[in-house]
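Input: structures, listed below.
Shared between the two complexes below is chain A, which has chain B as its partner in the first and chain C in the second.
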Partner chain A sequence: MIRLLVVLIGALALLVAASLAFGDVPLGWDELYRVLARTGQAQMQSEMIVWDLRLPRVLLAALVGAALATAGTITLAVMRNPLAEPGVLGINSGAAAAAMGVIVLMNDPPVGLLQVAGFAGALAMALAVYALAWRSGTSSLRIILIGIGLSSLATSFTTFLSAFGDIGDVQRALIWLAGSVYDANMVKVRMLALWLIIPLILAFLASRELDLIRFGDHGARSLGQPVDLVRSLMILLVTLLSGAVIAVAGNIGFVGLVAPHAARRLVGASHSRLLPVAALVGAGLVVAADLIGRVIVPPAQLPAGIVTGLIGAPFFAYLLWGHRHGK
Partner chain B sequence: MSDLKAGPLAGTGAGRLLALACLALLLSAAALGAVALGAATMPPAKILSAIFAFDGSRDHILITGIRLPRVLAALLAGSALAVAGAIMQAVSSNPLASPDLLGINSGAAFAVVSVMSAYGTGIGDLYVWLAFVGAAAAAGIVYALGSLGAGGHSPLRLVLAGAIITTFLTSVTTVVLIFDQGTLDAVRLWTAGSVTGRSMAQVKTVTPYILVGLITALPFGRHLTTLSLGADASRALGQSPVLWRGLSIALVILLAGGAVALAGPIGFVGLLVPHLVRMCIGVDYRWVVPFSAVTGALLVIVADMVGRLVFGSQSFPVGVTIALIGAPFFLYLARTRLRGDA
Partner chain C sequence: MANDMQPSAKLASKDVDIAYGHRLIVENLNLAIPARRFTALLGPNGSGKSTILRTFAALLKPSTGSILLDGRDVARLSTREMARKFGVLLQGPVAPEGLTVSDLVRQGRYPHQSLFSRWSAEDQQACDEAMVLTGTVDLANRMLDTLSGGQRQRAWIAMTLAQQGDTLLLDEPTTYLDLEHQIELMKLITMLVAKRGKTAVAVLHDINQAARYAQHLVLLKAGKISAAGAPLDVLSPDIIEDVFKVKSVVFQDPVTGTPMCIPL
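Let's look at the complex of A and B:
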């Protein structure tokens, strides 16, 4: 476990360094060292590129990945369905509908409204799913089904707008929906970090409860767990984590699904090991996706959310089918 | 699936048969109504004469050239998607499964979008075949990935393989659409799911596949029920889960591939309708399959009719109206029919 963590942290550090060095203006490793060590010998231009442009972006990508992976791990445990990711709570479709509405229906929306709308849409959908699924208690299957129903309503709204909205607006919305971290700055990074830190710690502290709830409602209850309470708190955590990520980076899909499964392959099902490993895998995935999206077809940039699908999918397939003797 | 309360129709075989007959009657009425109603109302006698004694008049051309293909497309796509969804949910024992999980919709969209982007948007009827081939290829890859490896074939591998391929293809499609506005403009109505402007030729291209799929699916019900209990139970009952799962997936490719070629990716008919049916009549797939076929067709026809008559637009995407009509009903059932814990 320790060795695995060291390897993962090392890989993440390497990815971060590569993200700082590569781009439209490549920096040499020695130049990068001069900038990071603040030796004062680096060029002004490199200082600006690293500290103001690339570092916020890398940090934001890492935070987004870690948060999505944690939310995905929690959802997987609570819903007991291998396909469950935060999206089953309607979070992504709610955010997408709200953002699409803002982009297509409003002329020249004010800066920041998109973020607020994304978060509000996610939160409203998660609340609606939970409230509709509540009948003197909840059940995973009912939450999943209600999630499907409400998501299909929200998605039909999005589809309607994308079929009849102005084509330029629709294309811009498509980029936002794909999820990206391109307009990162240090203020955003700090805000997201502050917002995420408590849910992330709470999730880690709750790893024993997550281990229990995976056994199913009956098993967990007979082991003394207040199942409904734990489930609602966990759903709240997932909403806070993914809602904040959507607000700053749009709908980056797939990380919440792939990171927990990959982590489970690596360290097994116990959540005290699973959560940190999943967070590292998720962070690495989004950082790598953003790096590749920046350098693959310059000067155009592919949104990170798309690249997570492009590189995450084969990687995940390798994890699932490569280790024939793995767990 | 013990978490389902028995619905009002869960009783006897005779009761179910009666209910099925009523639904079928309702479906024929809806189909007739969909042909008859519109900007110009056609009396039933005229519809019959247009079909059997075509005289080339304006009304007859309107019926056979525009309304009938549209209604047939809705009928075929709706029933095919619903049955394919029921099969997928049985095969993967997963309530989140739908034909889309095999990569059907994303494969079709990928094929259509990439060819349009490379060769221009004027590819005419060719897109029907493109969608079908793309859907079948994606589903084949998903199935192959799902059965590879040491653990052999399992529902978990299948659904994960589906998620992987779907995500990958959707990402590629999105990349193309972000850079190619012309293609986006040409396919966005299609991706919303629509039966507008279907020609009889398109309907005829796809009909054999869907019909074969539907007819084969009917006697499959018994085996689907067994499959839905999981691989262990199915093996204990003497069934070969690998063989039947493979056959079922071939059926899904025929049905959902044909449907997506005809009407575009109207995803959640395949997701919603089987759940609706199970919540009403229980989990016996001998009944779920025919009920799904009729309910799916009914939903799509009515949704298309509502889009045309209420919203007054010929090109209102049927996928949107399906959600507007189907989802509230689905939510109501999910809330009332599923017991406390599961």
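Let's look at the complex of A and C:
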């Protein structure tokens, strides 16, 4: 386990370094070293590119990935369904609808308001799904079905707004929704880090609960778990994590699904090991996706959300393939 | 019946109705489970055996009436307290993918742990003992989904034993087992009752096995008790025909002296 963590952290560090070095203006490893070591011999321009542009972006990507992977791991356990990701709680579509509403209905809204609206939309959707699924207790399947229903409702609302909104507004909204970390800055990074730290710690503390809840409602309850309470708290954690991510980075798909599955391949089913490994894998995925998005078709930048989809879909097919043909 | 309500009852239902939605499955059930005995619940499909067992385990709430454990209403116990008192094995239990046998058994210690407590020597001892009792020590590192039905069932029983509750509630524990493992399991339950002072309640299908190993039989028909008591007192051709709609003769088992039913 320790060795695996070291390898993963090493790989992540390498990806981060590559992200700092490559882009529109490639720096080269020696120049990057001069900047990072603060030797004073680096060019002003390189200093600015690394510290002000690329570092916040890489850090934001890593945070976003870790949070999405953690939320995905929790969702998989709570929903007991290998295809469940935070999206089944309606989080993504709720955030999208709220953000689209703000962008289209208000004239040039500030980014801060957009983020608040996105988060509020995510939270409202998750609560609505949970409340509608409650019938003297919940069941995972009911949550999934109602989540899918409400999601499509919210999506058609988003489509409706985009059909009637000003074309410029709609385009801005769509870019934001595509999921990207391009307008990162250190303030954003710090805010997201502060916001995420408590849910991440709570998720890790809850690893024993997550191990148990996968045994089914009756199984977990007969082992002493207050299942409905645990499930609602876990859904709240998922909403806090992915709602915040969507607010700052839009919809970055597939990470919440791929990272936990990959982590399970690496360390097995126990959540005390699964959660940290999934977080590292998720961070690496989004950093890599952002890097690839920046260098693949320069000078255009593909949003990370599109790249995760491009990497994620085949990876997912591979997982299913392996699943069908026995590990 | 009067004899059945004696105060040594470990577990009892008092005027219990159980319903799924609006459908009443069990009506006005007054059932007493004697302490430190092996009780078998018998009855045709749909007679409410599993429903009653789940209600005893507090997995279902009775719509009226109460379940008493040592004379106290279990509705007052927290889920965690319940899990320390009862080891429950459900029918066709589901385990998440990728668990080993020892991972599974360790889950049995959940009700004894708190948020910050670490795995203790006591936890380890409980697991080791449960695995020795069920003969699953050699399987400890095997993946659950690579085991045979019988091995898997023993792993699940090891988990319920690791809970160290003094009451075991087992829903059709022998269903997927071959004859050898069925008998092994019956002997294990008998031993736990005799040597460890456990109270065991199992839903069984094999009347003769129940009569041979259990000390107390409860025959159920359409959610009501048709007969309850020691096998010798309870098993008669009349009652078996009443409950199972099968004509039979009842002999004495030449080996154990317990009643043995042969359908005609």
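A few notes on this one:
In the analysis below, the second predicted complex is superposed on the first by the 313 of 327 C-alpha atoms of A that agree within 3 Å, B and C clash if a C-alpha of one lies under 4 Å from a C-alpha of the other, contacts with A are read in each partner's own complex, and residues count from 1 in each chain.
The working rule: a residue touches a chain if its C-beta (ideal position, glycine included) is under 8 Å from a C-beta of that chain, and two chains touch if they have at least 3 such contacts.
Remember, it's a predicted structure, so these values are computed and weren't measured experimentally.
Once chain A is used to superpose the two complexes, chain B occupies space next to chain C without a clash. In the overlay built on the shared chain, the residue A:V248 is in contact with neither chain B nor chain C.
Annotation for chain A, partner touching more residues between chain B and chain C: B.
In the superposition on chain A, contact of A:S270 is made with chain C only, not with chain B.
Of the two partner chains placed by the overlay, only chain C lies in contact with A:R208; chain B stays clear of it. Once the two complexes are overlaid on the shared chain, A:A124 sits clear of chain B and of chain C alike.
In the overlay built on the shared chain, the residue A:F160 is in contact with chain B alone; chain C does not reach it.
In the overlay built on the shared chain, the residue A:S222 is in contact with chain C alone; chain B does not reach it.
In the superposed model, A:L310 lies in contact with chain B only, and not with chain C.
After superposing the two complexes on chain A, the closest approach between C-alpha atoms of chain B and chain C comes to 8 Å. Shared contact residues on chain A (touching chain B in one structure, chain C in the other): 218. By the touch rule above, chain A contacts chain B in their complex via residues 81-84, 88, 132-133, 135-137, 139-142, 144-146, 148-150, 152-153, 155-157, 159-160, 162-163, 167-168, 170-171, 174-175, 178, 217-218, 227, 253-254, 257, 261, 300, 302-303, 306-310, 312-314, 316-317, 320-321, 324-325. Touching chain C in their complex are the following residues of chain A: 77, 80, 205, 208, 211-212, 214-216, 218-219, 221-226, 264, 268-270.
Taken in their complex, chain C has these residues touching chain A: 54, 57-59, 78-84, 86, 88, 90, 93-99, 103, 107-108, 110-111, 113, 115, 163. Touching chain A in their complex are the following residues of chain B: 3, 94-97, 101, 145, 148-150, 156-157, 159-161, 163-165, 167-168, 170-172, 174-175, 177-179, 181, 184-185, 188-189, 191-193, 268, 271-272, 275, 317, 319-320, 322-324, 326-328, 330-331, 334-335, 338-342.
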